[in-house]
Amino acid sequence: MTSLGTFIEIFLQALIAGVLIGAIYGLMCVGLGIIFGVMRVINFAQGEFLMLGMYFTFYLVVGFNMLWFLGPIVGPYTGALLAGPALFAVAYVLHRFLVSRVTGTSVAGTEGEGHYAQLILTLGVALVLQNGGLILFGSTPQSVRTPLSARAWEIPLLYDANASLFLNKARVVAGVVSIVVAAALYWLINRSRLGKTLRAAADNASAAIYMGIDVDRAYRIAFGIGIGITAIAGGLVATYNPFQPYIGLDFVIIMYAGVVLGGMGSILGAFWGGMTIGLVQQLSTLVLPTQLQNAAIFVVFLLIVMVRPQGLFGRATERV
Amino acid sequence: MQVRRRLIAPLLVIAIVAITWISLGMVVANSYYQLMLTLVPIWAVMGLSWNLLSGYTGLISFGHAAFFGLGAYTVTIALVKFDITPWLGIPLGMIVGAVAGIMIGYPTFRLRGHYFALAMLAYPMALLYVFVWLGYQEVPLPMKREKPAFYMQFSDYRVYIALAVGLLVVSLLISLAVERSRFGMSLTAIKQNEAAAEAAGIDTLAWKMRAIMLSGAVAAAAGGLYAVVLLVVTPESVFGVLTSAQALTIALFGGVGILWGPLIGAAILIPLSETLQAHLGDVIPGIQGVVYGIAIILVVLLAPEGVFWRVRDRFQRPYALGAVRATPLAPHIVTAAPAPAPPRKPILAVSGISKSFGGLRAVTNVSFEIGDGEIVGIIGPNGAGKTTLFNLLNGFLQADSGKVVFAGHELIGLKPNRVCRLGVGRTFQVARAFPRLSVLNNVVVGAYATTTNDADAFAAASTALAQVGLIGRSDASAGRLTNKELRLMELARALAGRPRLLLMDEPLAGLASQEIEDMLAVIRSLVAQGMTIVIIEHTMRAMVRLSERFVVLDHGAILAVGQPSEVINNGGVIEAYLGKKWAAVRARS
Amino acid sequence: MLAVESLSVTYGGLTALCEISLAVGSSQFVSIVGPNGAGKTTLFKAISGTLRPSGGSIHFEDRDLLAVAPSERAHLGIAHVPEGRQVFGSMTVMENLEMGAYSQTGRRDWGRNLERIFALFPILAERRNQAAGTLSGGEQQMLAIGRGIASSPRLLMLDEPSMGLAPMVADLIFERIAELHRDGLAILLVEQRVAEAVQSCDFGYVLETGRVVLEGTHQALLADDRIRSFYLGM
């Protein structure tokens, strides 16, 4: 009985960890999902913007301590949220001067496959940001500690007096904030005029032009939002995970796996895809050694791409 | 052959590069520069391996680190665990690389575009985690003091330089052999238009698999030598994203699809980044990555095909200066349709084929016969399913039901390259050429399916060019052709496979009236030589004069079959083209 | 209102349109017919801005249209109903109509326009929350036209609205277009079905291989048998 009890405890712990981390992965994937859904751009540099979000939050809250008036708990989370608009601006400019030059045009020697140019350009951007980050920020891992980082809520399990679940407070708050932001974004995309404009540009760009929509500007805004959202997710991760300039790499495949799993083009799907990846990652620790956690994600990713490339939600639901 | 004539020049260049490099290696004493002289060829080899797959086929791989790392670890593990010398370990690594190529290629080639790129990215990252888990965080290669040369360990650094140059020469020769043979031409055809290549008889999957096997083997060799030179292997250094990025950047920067490209790229980028790393590495760590990142960005924006092509195009402009203006159409001249021909044996029998996409019925129960030596026009209003019909005949689409029999062979279920080999040729609406190659080299690709050696292939290509009247332009650069000449070249490529039945998709679209006359003359002469031709066309004026029979499709079904004069007076046909009310209104007035 | 003068469009060395001239007066209904490959859709795209002409000019209400970016042209009072409907399949009928009302005039007249659209096409009111991609071809065409009206245009341009539609549905569409014209909207209709397009128009042009080969009032065109030879070759 006790071994079953222990198994249940471990399983539930992994499940909860999976849900909490899945919420944040979900937010990251939503960011990438917007970019791909609207612009059909594969952005290899997405992980680097995640990293920049982390460092922005770090410098704002810890480095320059500009949010001291909000206190040690509200400050970091506000900082994470502020990373959104800050990186939105960076992304907007980046799109205007770099990315827009290669979307739609046929380059890199492969005729008709213009998206290779985007892939390669964003790879270049990723390298510059990653290593530029190393130069600017140094390689010492940083973190944005809050009083919640080391504390946990304890939920006793009913069947055994000694068994309980530990919910790290920082992770719970980060997860909740992620869900709130994702919900706000869902509202924005679904209900607001801006959101409808983006969806129209995503659905049929030439028809959108006929309606009088400036599709180039729509793409730029979508790119900015997508990066901003991912930056917020980064800021949230920063509150419980140490980071250094190369951390983006760890998350790139998670984001892509989540978006592909959810169905490229579906924002809701991207969130669920990210959630699923989080669950897979945490639950896989039950059967696999920790180092292979991420290998498990790759395997899942490759399987989806081979077997069901439209993802779980690709055709079933309406886009968004 | 035309291609072999020019082999002397590149071989000479390779020899000069090798000799110069080794001489440089002999005189340089500084150990840092010696290392650099060793690394440049190794990375050039890596770039060449990337080129073998991605440069020639256009399938961009972001995961070549997988092969590199597998090669490095094979050599390392073979030495550490089994005491196998790298002299054997490197070839072993190449085998591992080739096998990995097959295992990765087979499932991944089914993916398109960005899915392919993402999947390729995932493989080395997965391998990285696996090797970390296996406990190979950092594996130094053991020193073998008793028989160092046997284990590829030399105290004199210059030997390593010679080894690296040796590997480079081998890789350059492999690339040259590929480029100048039908291997390279087939890959280039795939890159330019995979569907057209299939239709011309090229087994695209088989060639892609060969390319990735070779590419994997060469990359693994580079990885193996890298391990020997650096004497320590970590998962990040061989499976990391930077490794894949370096392979890609070196080839892309220097020149895609040509063996000199990676050489140029490595010669410029490696010294640049290594020097910066050495001098500034303490102050500005990560300068290497920044250099590669900026290099990639600049290349994509300014010279998308690489430095080599950018420079060469400057001196040998492949494209015609200024657009060739077509003359506007002359007024309508009515002439009679050709007299009906005697009855012929059927060569193509289509019975009851149907095709639906989801709920949409594109082609419904279509049946007709084409006689040997006939010219038949497939006509019908927009969206009638004509091109879908051709795709069904060719093998690009599988019919849901029905039979297609060509000269005794059942065509349904065959891949397009098989259909081509049976004697069915196809031209496409959009004619895409290899602009930097000569017209003859553009056409010869169509002859690969039906010839075994290059001499025959070029002979077939020349015959085809004579048939369309372009023999005088055989050596011209394809980028300089007029539209009509491009169409004729496309036709010649299909003819080079010596088809018995030719399917032509809108060969006259957009041509001026004199050009249309020229095309019609060519088509008639082909039929006179015994070919059977089926044409989809909208230019009715020309079609009524050219075709012996019409097959009219509307909404995916046959509306009428018969001679032009009958068909165009057919009420149903008039209704389909001009609208139902037209007939009613005309009847009233 | 709309004046096209000596317009030529070439791409890749092929001449799609050669010195076309036509005009649409205010509140006029002008039809352009012709066989496949005649350049009708090319003409439409040149006016809407998707294609850049190589010669000639287009003026709308005395404004040089070629100097106006494609996404701006909708704001000038020109509505486009493109070939193949091109509805936003993943959005609902209402959302499609909202997008049609993207311009300022559209937003200003939203209530009034919506009533009118639903009066013309009651089925759209019924299906207002349905995803546009699930509508039938005819319903999508109605939606596309409704989307065009939603911007309160002065000129409505339609490219082959009857393509792929059953004859009865196509007739209904043509009827509604004629009704819109009676209410005072200027119409430029590009079509392959001759009689339906020409019977309600004030003036018509026949295109063939990039040139205007015939023009006249609808009675003149319907009486002219040469149209058949333009379509069928002889």
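Each chain carries a letter (A, B and C) given by its place in the written order, and its residues are counted from 1.
Everything below uses one rule, namely that contacts are C-beta pairs under 8 Å (C-beta built on N, C-alpha and C of every residue); 3 or more make two chains touch, one makes a residue touch a chain.
Note that the structure is a prediction, hence the values are computed from the model and not measured.
Undergrad: Farthest from chain B in C-alpha centre terms, which chain would that be?
TA: C
Undergrad: Centre of all protein Cα atoms: which chain's centre is nearest to it?
TA: B
Undergrad: Would you say A-B or A-C is joined by more C-beta pairs in contact?
TA: A-B
Undergrad: Centroid from C-alpha atoms only, then distance chain B to chain C, rounded to Å. What do you get?
TA: 41
Undergrad: Where the centres are mean C-alpha positions, what is the separation of chain A from chain C, in Å?
TA: Chain centroid spacing, chain A to chain C, equals 44 Å.
Undergrad: If you average the Cα atoms of chain A and of chain B to get two centres, how far apart are those centres in Å?
TA: Distance between chain centres, rounded to whole Å: 36 Å.
Undergrad: Enumerate the contact residues on chain B facing chain C in the complex.
TA: Chain B reaches chain C through residues 323-326, 328-329, 332, 334, 337, 381-383, 482-483, 509-512, 538-544, 564-565, 568, 573-574, 577-582, 584-586, 589.
Undergrad: Flag every residue of chain A that touches chain B in the complex, lowest number first.
TA: Listed in rising order, the residues of chain A that touch chain B are 42, 98, 101-102, 107-111, 113, 115-117, 119-121, 123-135, 139, 245, 249, 253, 256, 260, 289, 291-292, 294-295, 298-299, 301-302, 305-306, 309.
Undergrad: Give every residue of chain C touching chain A within the complex, in rising order.
TA: That would be residues 48-50, 70-75, 79-80, 82, 86-91, 95, 98-100, 102-103, 131, 147, 151 of chain C.
Undergrad: Which residues of chain B touch chain A in the complex?
TA: Touching chain A from chain B are residues 55, 58, 60, 62, 107, 110-111, 113-115, 117-119, 121-123, 125-126, 129-130, 132-133, 191-193, 241-242, 245, 248, 252, 256-257, 284-290, 292-297, 299-301, 304-306, 309, 432.
Undergrad: So in the complex, which bits of chain A are touching chain C?
TA: The contact residues of chain A facing chain C are 193, 196-197, 199-200, 203-204, 206-215, 318-320.
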